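Notes follow once the structure below has been shown.
Here the chain labels run A, B, C and D in written order, and each chain numbers its own residues starting at 1.
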Amino acid sequence: MAILVDKNSKVMVQGITGGAGKFHTERMLDYGTNIVGGVTPGKGGQAVCDRPVFDTVAECIEHTGADVSVVFLPAAAVKEAAIEAVRAGIKFLVVVPEHIPIHDMLRVREEAVKYKAAVIGGNTAGIITPGEANLGIMPDIAFAPGRVGTVSRSGSITYYVADTLSRTGYGESTCVGLGGDPVLGSTFNEILWMFEEDDKTKAVVLCGEIGGVYEEKATEIIPKMKTPVLAIIGGIFAPPGKRMGHAGAIVEGKMGTAKEKLDMLADSGAHPCKTFKDIPEILKKLGV
Amino acid sequence: MRLYEFEGKQLFRKSNIPVPEGHLVSSPAEAYNTVASLKHAVALKAQVLTGGRGKAGGVKLADGPNEAKTHAEQLFKLKIKGFPVERVLIEPKLDIKQEFYVGVTIDRANYKLVLIASGEGGVDIEETAEKHPEKIVRKSFSVEDELFTFDAVDIAKKIGVPGALLRKAAGIIVNLYKMFKVYDAKLVEINPLVLTAGDELIAADSRVSLDDDAVFRHADLKEMGIEKRHEEGEMTEREKRATEWGIPYLDLDGDIGMFPGGAGFGIMGNDFIHYYGGKPANFMDSGGGPSPERIAKMLVLLDENPNVKTIFGARFGGISRCDDFAKGVIMFLKEHGLSKPMVMRMTGNMWREGVRLFEEAKKEDPSLMEKVEFHGIETPIEEISKRAVELARQQGVK
Amino acid sequence: MAILVDKNSKVMVQGITGGAGKFHTERMLDYGTNIVGGVTPGKGGQAVCDRPVFDTVAECIEHTGADVSVVFLPAAAVKEAAIEAVRAGIKFLVVVPEHIPIHDMLRVREEAVKYKAAVIGGNTAGIITPGEANLGIMPDIAFAPGRVGTVSRSGSITYYVADTLSRTGYGESTCVGLGGDPVLGSTFNEILWMFEEDDKTKAVVLCGEIGGVYEEKATEIIPKMKTPVLAIIGGIFAPPGKRMGHAGAIVEGKMGTAKEKLDMLADSGAHPCKTFKDIPEILKKLGV
Amino acid sequence: MRLYEFEGKQLFRKSNIPVPEGHLVSSPAEAYNTVASLKHAVALKAQVLTGGRGKAGGVKLADGPNEAKTHAEQLFKLKIKGFPVERVLIEPKLDIKQEFYVGVTIDRANYKLVLIASGEGGVDIEETAEKHPEKIVRKSFSVEDELFTFDAVDIAKKIGVPGALLRKAAGIIVNLYKMFKVYDAKLVEINPLVLTAGDELIAADSRVSLDDDAVFRHADLKEMGIEKRHEEGEMTEREKRATEWGIPYLDLDGDIGMFPGGAGFGIMGNDFIHYYGGKPANFMDSGGGPSPERIAKMLVLLDENPNVKTIFGARFGGISRCDDFAKGVIMFLKEHGLSKPMVMRMTGNMWREGVRLFEEAKKEDPSLMEKVEFHGIETPIEEISKRAVELARQQGVK
């Protein structure tokens, strides 16, 4: 098993006829991802990489049985595309574009919760279940099938962790990019819990970063997990970010510095890592 | 993107939130003329994109044009947290009876909008929030929720607005909340919302931050002269140049030039350098899928920086492709040349093609890569980081 | 028992400090209605007819235990007042003002359904449970306690029916004015069902009128009722109303003429009446 | 309140729904000049507040100015369902490939907004709906719901919009739905939405009805010259006078002047008169809580109507008070005098006070009430109705 996607996932691509959509559809297919079709309104009836294109998500689902979608569209079009997908019944959505307006993502999150769908991104490198499916823009070279789950706010960190886990023989069950935007479709919490419930995942690496509040939120869930969690946070030596006005300070309090994030995670039971090579060392100690 | 006080007040006015009649001036002479034409005492307020203005002496009161001119001269010489004062807002001096705070922002952890209000407005609001949380009223909303007048009346009452002004205060709160939504804001604050001796409610200061990613859908902002801009921070010459080139860049005080791929490792790479005893000279991000031209420009910024002793390069091709990366590095080496040693690692999408390009370039001109130590996926990034610190030390010794 | 209001209802008045609010508060109190307070934002702390005035409905409920509200406000203020009331926990709301924008009433209905509150009006004469409570603007002279329930779209028809029932000794359990506006907070259906479940009500008089669709909707519920329903419809000799565009014709079909309404009601099991004096005659035959 | 086609199209244009470039003319000469300045064939369309225009010959095509003038002369003489044609809209003649129907209205029975669309637009849409319901697409919304483009694409596809135009059609549908909400409409229809030979989609006709009770919150309507008005219907002189006085009034062809209280009994009272063999001369409604002045004016309308042989008065005081009613009747009797018999019944709120006023007036001038038969709650309204019919018959016999 894997979380969110595997070789049986039926994947559609929203924006499949666009430049990035075409390019990455080809790449994802090369990896063996089970892409069944795509959507571009007004281009129904065409084909990309031999996969049929539909005018709406509902039609694509009807004809292909798609249950997962990857979005390659301009940021301004993401809100409607995501709402269309979850309303039509897509249960997992990968939002690759960056610079999505924050109010749009708040709305997308609301709809996703309402329709019980999972969304990752915006600005995510995607998700990969090595050897089975690669959704998004992640470079397959770094990944090998295995027993560690990874969840990260940064694409590049994801690759380095994968590289490390592959080289040391652990490999990955699934690697999830939450995305780099300020408001994200999913937080660490939801993904951590999926890993907790996944038999194949023997440990999880959480890759966080200065700013935002999602690492702090994760400390609510880590103590409830049996699966060990390793945490690495970028920005320990970065100057602290600015608070947004008094309101930001009142709402988010002291959250946001990398050091505090790592300390809080450690306090909640996670194993802190400084650099990537700490990861296999800790895994070894834990007997993973 | 943060707005100047006077810009925020333009939005307030458009949103039916009462603001003082303001005059923006760019010189002491203009300040003199403006105040001479007014018949009342004024406040002169430095317009800068940072907080802490009051404590830095950025606000002055004047009874007449001469005094205004003297104050303006001081203000235009002032730097507030490094920001030079280029414009001063002149407004009638307010006769303040009470100060309230009203703000709206986003609670990212819970995916909500939050309205915050207090009967104790002013610069100490954060302290109030910490020491007397009971003096702060908070209310959360889903992004589609409307704020109704009755809820605003309730909030106004809880922060101590007098009965006769409840409806007016509620109207201001509702309009502020609407403005937050209409303009895709990240933050809107009226602080203080002043109750004057004449029982008027007026927004004495504004703090507004909009979502740069949503500016495209608000054509009226451009009409008001409000364009997409970066967050606050005074820029060095090099930062300005980088901004012109569209490259996120920040000068630091170390000596290792950071040439990373991806914002995530851009930040964490700095930590790695520190862990191995070095100090980075900068932050940098290539942005998603950079062109060879941009890659070349990133290297120009580092190579021309006299503080940089060595360059640390790291590229893990994701949406950014290694072939484009290699093209950019080769373009830089050919057109500009490298004046300091560089250690780099390249892997990820299209890495084979990238390696091929480097090999071809080397065949063409064997000296081209002589200052570059090149690594692939086989070398862990920690080793590269260590090596960069070593190289910088060696340069320092020279 | 009675439906919706009785002598134990704790009634508040929204807009109690206005001209109509004051005038009718006095009248309602004279009738013995248990008015416990009122609301006018900004006038909290004042009093009208010795009843305390509050700034919000929530405060009024907190201090007085009010569970029913009567609205005397300008039409433009009704939407917010109604939403405030139902969100604060009011379970029955009487909306007297007329000319409320239709889109506002659609919203009010939605909120009322969501918060499980009943709303009558806009443009209703109100509701009276004779001898117990009189909410709105109905003239008490016409009403006597009794065993027939009345539900009507028109204030004046309500009075004539009451007058008839009082004179013939039947009296009324409760008399409900749905209101004269094109979109109403409640339809005949909800009120008919309340009467069906009310022990005191032995028969119901439904007073309808040309136009609209609520009488036709009532034919869905009348066959399910044990309590006999009498129906009287105004406008049998009026020229037919105009349809609103093609869309109106497509949505509302043939609904709307008084003759068809009366025929449909009769077909569904209601007893049709021509003039008011038919009412006691039919009641007598039914042995009510 | 119904809008003229050209007004509806103004709203379409503001809502980014494409409409033909139109010119409004008020005379044949203007039509000539307008068409002379245009280089294309035109359609001349009579502007009236009613349907059935096409069948009544209210739309003409012309190739040049002379033909346009001839047609305009005919149009300006035309009456469509009694409506005189005062303005003609001149638009380019469209080369029609296909006609669609798109409309939004309110489903009162279910408290929803409904969007209706069809691939067979034009005047026969209702017939299509009845005979081929499968050719009609319907979608319901809560009043707060947004219509998303993807749903509009789905609708456009179902009604047969060609693939290349799906996005454009969806945009029009979304904008029509938004317009419905923004302007508090009761009905908006594009019929037909034309697909031209050049593959453009354009709203060839508009039908828009707004909620008069919500016009107050749309200041831009007034700027466009669209003001609060009554529903369609040509008015008689007496109806116009009543409208000026703010009294809902409609002439009928009988002889009993109806002077009711309340709209409900205003309608049912007419039935009663019919049941007892009479015929009313009018509908009338006093409106809620009428002033004595308005009551007096209502009587003036009836007394001065030569068709009225007798007056049937009924007042059940609710929000309208009997004392105000009595004052109005007495005011009329004193200032104007009653020229025909009246039978009336008065009861309800403040009836005692009303009766007292009548008695006082009678004491002052015993002749004042001599043509009035006055009843209270003790007489059923059926008796009063019967008596009115009787009185009218007696008058007829004279």
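To be clear about the criterion, contacts are C-beta pairs under 8 Å (C-beta built on N, C-alpha and C of every residue); 3 or more make two chains touch, one makes a residue touch a chain.
For clarity, every value in this text was computed on a predicted model and none was experimentally measured.
Peer 1: Which other chains touch chain A while also touching chain B?
Peer 2: The shared contacts of chain A and chain B amount to nothing, since no chain touches both.
Peer 1: Write down the chain pair with more C-beta contact pairs when B-C is set against C-D.
Peer 2: Between the chain pairs B-C and C-D, C-D carries more contacts.
Peer 1: Calculate how many whole Å lie between the centre of chain A and the centre of chain D, each centre taken as the average of the chain's C-alpha atoms.
Peer 2: 58
Peer 1: Using CA atom averages as chain centres, what separation in Å is found between chain C and chain D?
Peer 2: One centre to the other, that is 27 Å.
Peer 1: Two or more other chains touching the same residue: where does that happen in chain D?
Peer 2: none
Peer 1: Mark out which residues of chain A touch at least two other chains, giving numbers and ranges.
Peer 2: Touching at least two other chains: none.
Peer 1: How are the chains arranged in terms of who touches whom: line, ring, star, complete or other?
Peer 2: Graph shape, chains as nodes and touching pairs as edges: a ring.
Peer 1: Go through the chains and record each pair that touches.
Peer 2: A-B, A-D, B-C, C-D
Peer 1: Which positions of chain B touch chain A when the two form their complex?
Peer 2: 51, 101, 103-109, 111-114, 116, 125-126, 129, 136, 138, 142-144, 181, 184, 186-187, 189, 191, 207, 209, 211, 213-214, 216-217, 231-232, 260-268, 270-272, 274-275, 283, 288, 316-319, 347-349, 351, 377, 380-382, 385
Peer 1: Which part of chain B faces chain C closely enough to touch in the complex?
Peer 2: Contact set of chain B toward chain C: 148-150, 153-154, 157, 163-167, 170.
Peer 1: So in the complex, the part of chain C that touches chain B is made up of which residues?
Peer 2: 41-45, 55-58, 80-81, 83-84
Peer 1: Which residues, counting only chain A, touch chain B once they are in their complex?
Peer 2: Residues 27, 75-76, 96, 98-104, 106-107, 109-110, 123, 125, 137-139, 141-142, 152-160, 163-164, 167, 180, 182-183, 187, 207, 209-210, 212-214, 216-217, 232, 234-238, 242, 244-252, 255, 258, 274-277.
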